[in-house]
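What follows is one structure encoded as structure tokens, with my remarks underneath.
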């Protein structure tokens, strides 16, 4: 069994490394086979080893990575139910996306780099999931950052793409810093960085310390998960190829933050302040992103903001103390959002590589199949009744409601509002893309079969994943909560309240739909309003960061390099050097070639010596 | 001793100063050499006087050596004067300033 | 003093003087034919590498010297020829020997007076190894200064346009520091002699000298003057970017890989154990300078156009990290510092090697004229990306392992320092990504040489890349070698 | 004067006789190289005699001594002169020197230096100094028709003559004050607090001016660069090394003594040392002519040597002698290299003309680098241990401030020593100098470089030797 567990990690790594080193020397389809094979193999290994994870999980230490003084970091795996479910999701979705990518990237000459990075990404993501200590987790954490950097900027010939990659890397790294500090602090407190070890010892800690560390972890999570305030990179990250957006920026990497918080939940949950902060970050992001999504014109950007918003829900769930709700939404979201992105990729192809929804329309005629798939995804996202998104979102909102106090009721209210906004922008998207006639002029580029096949399982999963954690009301057994060992997350509300909550959810869904239908059923060119412009630019957060961080940074840089380095330090050095040579010139000037001057020097010297003697005699 | 030592020293110092003045002021090489001669002779004077003061002959021997060496120096000096004159048609030391710095 | 490995054969001297002998061979055989000189240099460097590798493998993680040599040398001054090899020295010697092989390969196409060039490289190697082995202060100083001459010529003769300026700057900076060291060594020697009647320069003996607080502080500062210039610590770094930018590729590899390391080595082998009290008193200052340098160099690197200068400033920034680790004064941080030193050497050597290759192909090092190298030279670019990622501290690659140990060590002592230093990691990402962005991505510049890596270059880059990954994923062998020496050096510093 | 005294003076007599013989022989046989080699042989024989024939008595007529120290100096100067003669072989042919006269004067100078270093009385000192100076007057202007040589000769003559006058008057005043010519007694006489003390001090002041001129201390150094530049390179080499070393050596025994009188002198020397080191260093910075640079460098090094002279004692003397030997080797070597680069157009002196010579003459360039780096004091060259010994002695003697000034000067000196080296090694040659070094030149220079390298790695033999001979 150990070997299966190792294979989960090793296969994607090997695939990535082999492709990176030798891929360009292999005949064309081989690297793709290797890449897909590696991930599918990993998925199978995960399925095979699932039994290991049940209960308290399974711990496997491979070798010592770093050991110095009393610090020790192992390459070790912690395969518990949480990790297992996440692994399953990551490998499963990744397998499908790899297959899709094989079709999507068919004509790309630089395929090898793409698949190498994609495999490495899966490896890094699985490292996050399976790591038994925070440092190894951090390795995966930064690893996904790098792969995301490389993949966003995959089409590097356009500087904007490379810049978007860089932005993603640096902004998420800001979050990583907080994570790193938390790691250091935890080690200083506990003398270990093992996740189990830390979680076992937290109970004795002071609440302020816990709060501080939890907040650090939260910030770390915010970076990777594109939560307020470190969210601005995600929309730009859509510059990458669509499979990348589907895998990294929808299904897996952006949910790593949620996973981290779930992983460290025993610690985080000790501080109510931190929990409130998490919930707040979640809902603020959800709201922010939902508003932004309203005004976006590029199909992938709409989806990106929706991702941000949905991840906000997951944060909210963690903040509410319900790990299973968070994980539930994480899973369902992974399915339908991957589906959405991949169908969006098909749509873009169909529209003749056109991203802008204002230049789409009538896509239903171009491919009814894609229409239905996309619609399935959208319905899940919008929370249409009985879809997976409906159940998972409802669980989160119900949990908020169940807390009962004003703060949480407020969260619930905002959550409902976001749900309405979500429904609105989903149907806006649907109408703009599918209704009416095609507004562009490009010829369609038919998606290959390889691109369509992986969509079916995802659509099915997206529509039915609600079964994973079906609440009692629908005579479900909350299987996920049980598997995760979090039965306390199962809500026990009265039937009437449950009906009320469900009714509200359905109501806002319908409301959103109706408003969208009203406004977007018939397409008309509109001048974007001031508010629209504001939302389109993501509340102008980029400008704010530019003003607050980027420009001062550059200014200080200029000051250092021109002011201090070239001015002060070089100036002092050159000044000293010039002083020396000037002095030298003056001294050599004494020897002007004339004997009489030399003799005068001699006499002055004599006077000097006699004077010195006299001085000594007098003093 | 007929003349007091002090007088002798003052005279010698004066002579030395005069010689030095000559060396410093004159630009003609021959005149400079003459100035040097005067300075050296002032030293001879002191030596003779001191020899008498200390009742020793050492000083007087030294004077003889001094004179011999001076002669040699002048010989070389004058040879150089001729050589220099051949080169630049002048023995003004001021014009020999090709090398400087 | 006894050694663990009892052997009468002067193995250390053999290690030390093999490169010198090679240098002479280079001059003799290679004078007429440059190719001979290259091969002599390569073979010599290879032999030294194998020798040091064997010594490293023989090393057991126990306290004490693995090998120790002590001969009478200049009795008149009480100077002895004392060499000792422990885990710390063997790691750094192995690094030196390894990089030297690469330096020879990197400069394979050097055509201006190759015999002298390679001879100088080998002399430099002897000097560096000597510094790492010497246990007599004057012997140490001798090798310390001996590093100057070859490096000076390498920069001053085989460098670029402003090579004289750079070479003299390098020479002057380091000489000022080392003469301070010399003065301190002499005074310490006299003081010890007056106290005990035994005039000696032996490190172990001089550690016993009784010093007043002020004396110790002055001596310590004089010692540090030499070491911080070599490291170089802000604000004594100004020579390094010029030396890198104007020097040949091999010079840069050696500068980053060999010379900078000797500064830190000098601190932990000599300055700290000799003057522990003063050292600990001044640690906060050192830490502040290290931190300021860490950020300052990052900022300056961010503004540079010349890619070699960017790498040079990144070097300064990383060395700030190393010094910060030393300032924490505990086992983890010190091991981290040494590890980072090794890792940084490997990474930076790789970066400089690729930079040289880029320059060879495009004829420029200006960031604004480069771009899109991945299109024309994917293999080279992949290596460059790897080294850059290692340099910005990506976990799993070399630098991170050292950095995290330093951070952990520092955090237990002074959390604030560690937190500030963490931000430094972000900064390194900012300027390194700018470097990557400007060279690899974007629209293509037109390189006149479309040739991707040639076999010789593969030979240079593959070992470096393998090491970068290996040191990042499994640095344990190095750490185990360091454990005992570092802990005993810390002990002699008077603190656990 | 008896046979024993003559026996004790055998090396000097050999030199003087040899000089005269060559002068006579040169009138008949006009083979330049022959006489140079004969001269070198005579000098070597004199050196051997000085080294291995034990003197019959130490004190010679109260004027000279034949102590181990004096003999050591004699050997040193004789060998320097022999080396100068050997290195001049090609040079004298090139510029058509009168070989006999040249060799004869060199030997004469050697005799002077040897007498100077052995002097125990002012009479002997004066005599030795004048013998040396008179020979040098001629040697400096030896290159006929060379206007710079003539100018250099004139400058040296005027300065030398004035210095002689100062020396003579100084000696006279000291004699008047103390009633003795004996150096030690005269110095000891200064210590007694008598009415004549000011007179003695005035005498010492004059004497110091004269010495200052001879070893070119600041501010009596102004003639140095001009004369070194104008004189033939081998002669400049001799001027910068033995001619200065002999004077310094003469005063070492004096300063080994302690006492108040000497303390006054030491005090002046302290001032002169600092001025010399700093002024010389800075003035050397902007130089672009290697001979002028070496001239200023010699000024600086005399400042260093003064440190040792001031410290005196065993440590100081040892440091001084060691430094002097090493300095002599390096400076002589550097001038030697300049000699070998001379062709019928003259000497290559400017840095611009040195550019790229290394590609044509790698060995000589390497040797020049060795010499200059040794002067800088960089290990593993002998210059390092010389400076090391010096600073160490300064610290022991309580003159740390002098050591610090010395260190500052050596830091700055890096710049001017390195400039010609870099010029040599720059890729594009400026002047095509195809002169092949004569065998004798190579022999001497390789010898110098080898000794410098050897002493840089293993200075113990020389250290032991100087430890044996110090007064």
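Going by the order they are written in, the chains are A, B, C and D; count residues from 1 in each one.
FYI, a residue touches a chain if its C-beta (ideal position, glycine included) is under 8 Å from a C-beta of that chain, and two chains touch if they have at least 3 such contacts.
Note that the coordinates shown come from a computational prediction; the quantities given were computed from them, not determined experimentally.
Asks: Can you tell me which chain lies farthest from chain C, using the average of the Cα atoms as each chain's centre?
Replies: Farthest chain from chain C, going by C-alpha centroids: B.
Asks: With contacts defined as at the top, give the pair, A-B or A-C, that has more of them.
Replies: A-C
Asks: What chain sits nearest the middle when you go by CA atom centres?
Replies: C
Asks: If you average the CA atoms of chain A and of chain B, how far apart do the two points sit, in angstrom?
Replies: Measuring from centre to centre gives 96 Å for this pair.
Asks: Taking each chain's centre as the mean of its CA atoms, how far is chain A from chain C in angstrom?
Replies: The mean C-alpha positions of chain A and chain C differ by 37 Å.
Asks: How many angstrom lie between the CA centroids of chain A and chain D, rounded to a whole number?
Replies: Result: the chain centres lie 78 Å from each other.
Asks: If you average the CA atoms of chain B and of chain C, how many Å lie between those two points?
Replies: Chain centres of chain B and chain C, defined by C-alpha means, are spaced 65 Å apart.
Asks: Which chain A residues sit where two or more other chains touch them?
Replies: 588, 591, 593, 595, 599
Asks: Would you pick out the residues of chain C that each touch at least 2 other chains?
Replies: Residues of chain C touching two or more partner chains: there are none.
Asks: Where in chain B do residues touch at least two different other chains?
Replies: Counting only residues that touch two or more other chains, chain B contributes 20, 23, 93, 96-101.
Asks: Mind listing each pair of touching chains for me?
Replies: Chains touch in the following pairs: A-B, A-C, A-D, B-D, C-D.
Asks: Applying the document's contact rule, which stretches of chain B touch chain A when the two form their complex?
Replies: 20, 23-24, 27, 93-94, 96-101
Asks: Which stretch or stretches of chain C touch chain A in the complex?
Replies: My answer: residues 169, 235, 238, 296, 299-300, 302-304, 330-332, 335-336, 372, 374-375, 378-379, 382, 385, 389, 394-396, 400-401, 404-405, 407-409, 411-412, 415, 418-419, 422-423, 425-426, 429-430, 433-434, 437, 440-444, 473-476, 479, 483.
Asks: For chain A, which residues are in contact with chain C within the complex?
Replies: 20, 24, 63-71, 75, 113, 135, 138-139, 141-143, 146, 149-150, 153, 156-157, 159, 162-163, 166, 169-170, 173-174, 176-177, 180-181, 184-185, 187-188, 553-554, 556-562, 564-565, 569-570, 573
Asks: Quick check: in the complex, which residue numbers of chain D touch chain B?
Replies: Touch list, chain D to chain B: 122-123, 126-127, 130, 134, 137-138, 141, 145, 147-148, 150-155, 157-158, 161-162, 164-166, 168-169, 171-173, 175-176, 179-181, 199, 225-226, 229-230, 286-287, 292.
Asks: Quick one: which bits of chain A touch chain D in the complex? Just the residue numbers, please.
Replies: 580-581, 583-585, 587-588, 590-591, 593, 595, 597-599, 601-602, 604-606, 608-610, 612-613, 616-617
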